[in-house]
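My structure is below; once you've seen it, I'll send some questions.
Labels run A, B and C following the written order; every chain starts at residue 1.
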Amino acid sequence: MLVPNDDKFFELFEKQTVVLKKASSHLLNTFQTYEDVKNKCHKMKNYEHQGDEITHDIYQLLNKSFVTPIEPEDISRLAKALDDILDHIDDTSSKMYFYGITEVDNYMIELAKLIDGQTAEIEEAIKGIRNFKKPSTIEERCIEINRLENLADEILGNAIRELFLSNDAIKIIKNKDIYETLEIATDKCEEVANVLYDLSIKHS
Amino acid sequence: MLVPNDDKFFELFEKQTVVLKKASSHLLNTFQTYEDVKNKCHKMKNYEHQGDEITHDIYQLLNKSFVTPIEPEDISRLAKALDDILDHIDDTSSKMYFYGITEVDNYMIELAKLIDGQTAEIEEAIKGIRNFKKPSTIEERCIEINRLENLADEILGNAIRELFLSNDAIKIIKNKDIYETLEIATDKCEEVANVLYDLSIKHS
Amino acid sequence: MLVPNDDKFFELFEKQTVVLKKASSHLLNTFQTYEDVKNKCHKMKNYEHQGDEITHDIYQLLNKSFVTPIEPEDISRLAKALDDILDHIDDTSSKMYFYGITEVDNYMIELAKLIDGQTAEIEEAIKGIRNFKKPSTIEERCIEINRLENLADEILGNAIRELFLSNDAIKIIKNKDIYETLEIATDKCEEVANVLYDLSIKHS
């Protein structure tokens, strides 16, 4: 309990981003080949459980560590933001099933691609916190994550605008919620980028 | 201002959980005997005001204390999470009235029962933070709170799935919001459990 | 990097509240003269970008400062809350356009007036953090901000109650979201008031 657990923290965060990347790829796959939705949601739920366990392990380690490689508040903020992304990816997947959505549109696919792009950047950026000597790599990836989030805002706007041109209230309820949940996932990726960016500045 | 205010903190948290338990019982009662809704909402609003005052007192005490029995961040996180539960219980109650909901279904009653079960566990668990010598009691109650939250997720899924089988858009809007607000209340109970669990590990 | 940046923090917060006040006035103006909505949204988006940049500058300065005039957690909480208000004002404006809302009602105007009143109080209150010798001014303004938030709750309740008397599901979806987004903006103003109030007590 008295020795630094630096490596363990980094390992857990890296493990978390691997699960996250798998989940976002699985969401994109679910959308691109929209069939067997119930089973695909079930598989997504497994990723979400894996993520929950890793998050739990990070907090457990944090509570037991006297010395941490980065500030406890930043560990906790990062763990929470990563967990939030996975939650919103899983929520989207569940809602597709529970809302009985029978058709995926291009806006949903575009948003899922952006999330998948963001989690790929996060997976790489997180490796940079082991060693802040090359902060520029982290910073470049953070800028890219933010760029993707801005694109998601635009897509959301267009998707919503088109949706309200229809007169199908139930479709509006369903799709509006799906679009918004996807867009929140991109916001949570941006929150991870913000934490990583702050960390790289603090340590530069 | 220079002496520890340990007992006052514990008293305020215990007082807060008593109000919380009353509010969750009142919600369950509102659902089980669904009549005179306006007055029942009014009574709920009183609980919410009592809770707000206690939350305010906790922050006031925190701002004035140089020494605290548990870390300031944990006091603040715990106070916020308790306040959030009460807010969502009160929100549900208000929405029943403002949305003009005329009928309570079994999903709502089941969710209200889970919340009432969680606040009962919270009321007991909070007593444990006066003395962490028996952390196992806190931990067992936290596990139970999380189990109830998982049940709430399942009930929400089933409720939403059934709701979307109807073609009544306005009913979908109303009930979806009620189910979701109830489910968020169970999440906030889980957040309280997480804080208490972390505290019990830190102090073990 | 080693000298205190006190003045810079205060300047940035004051700059942020000036932008915020402009944005809330612009929202009220958009509602009161509801025409040319697309351009008005575009102008609002500019305020939002200005606010984002200032928020970014505050965090950047925080990451580079060893000494801060108020505690880092409070700087970060205040910056986040101010940013959240602006986000919800901008969200409202975007949603008016994207949802294709053709008519503004009195509830919306009343809520926009309350937000505009709150941001005026915030703009004045924030000046008080340069010097806590007269905390009563801050506290009075915080009490007023909270009073306006309570009024917003009441207006929201009445607006929602009236809205659900209609049988127009699509109108319900649109207006409910607008009312709620406006009401969240008033909550975020209250959060700013809470931070300022806590600060004034800590420093009294």
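Heads up, the rule we're going with is that contacts are C-beta pairs under 8 Å (C-beta built on N, C-alpha and C of every residue); 3 or more make two chains touch, one makes a residue touch a chain.
Nothing here was measured: the structure is a model prediction, and the numbers come from that model.
Two copies of one sequence, chain B and chain C, touch each other mainly through non-matching residues, since under half of the numbers at the interface are common to both. Rotation angle for the C-alpha superposition of chain A on chain C: 120 degrees, rounded in steps of 5.
With each centre defined as the average position of its C-alpha atoms, the distance from chain B to chain C rounds to 27 Å. For chain C, the set of residues that touch two or more other chains comprises 73, 169, 173. On chain B, the positions that touch chain A within their shared complex are 73, 157, 160-161, 164-165, 167, 169, 172-173, 176, 194, 198, 201-202.
For chain B in complex with chain C, the touching residues are 59-60, 63-64, 73, 94-95, 97-100, 169-170, 173-174.
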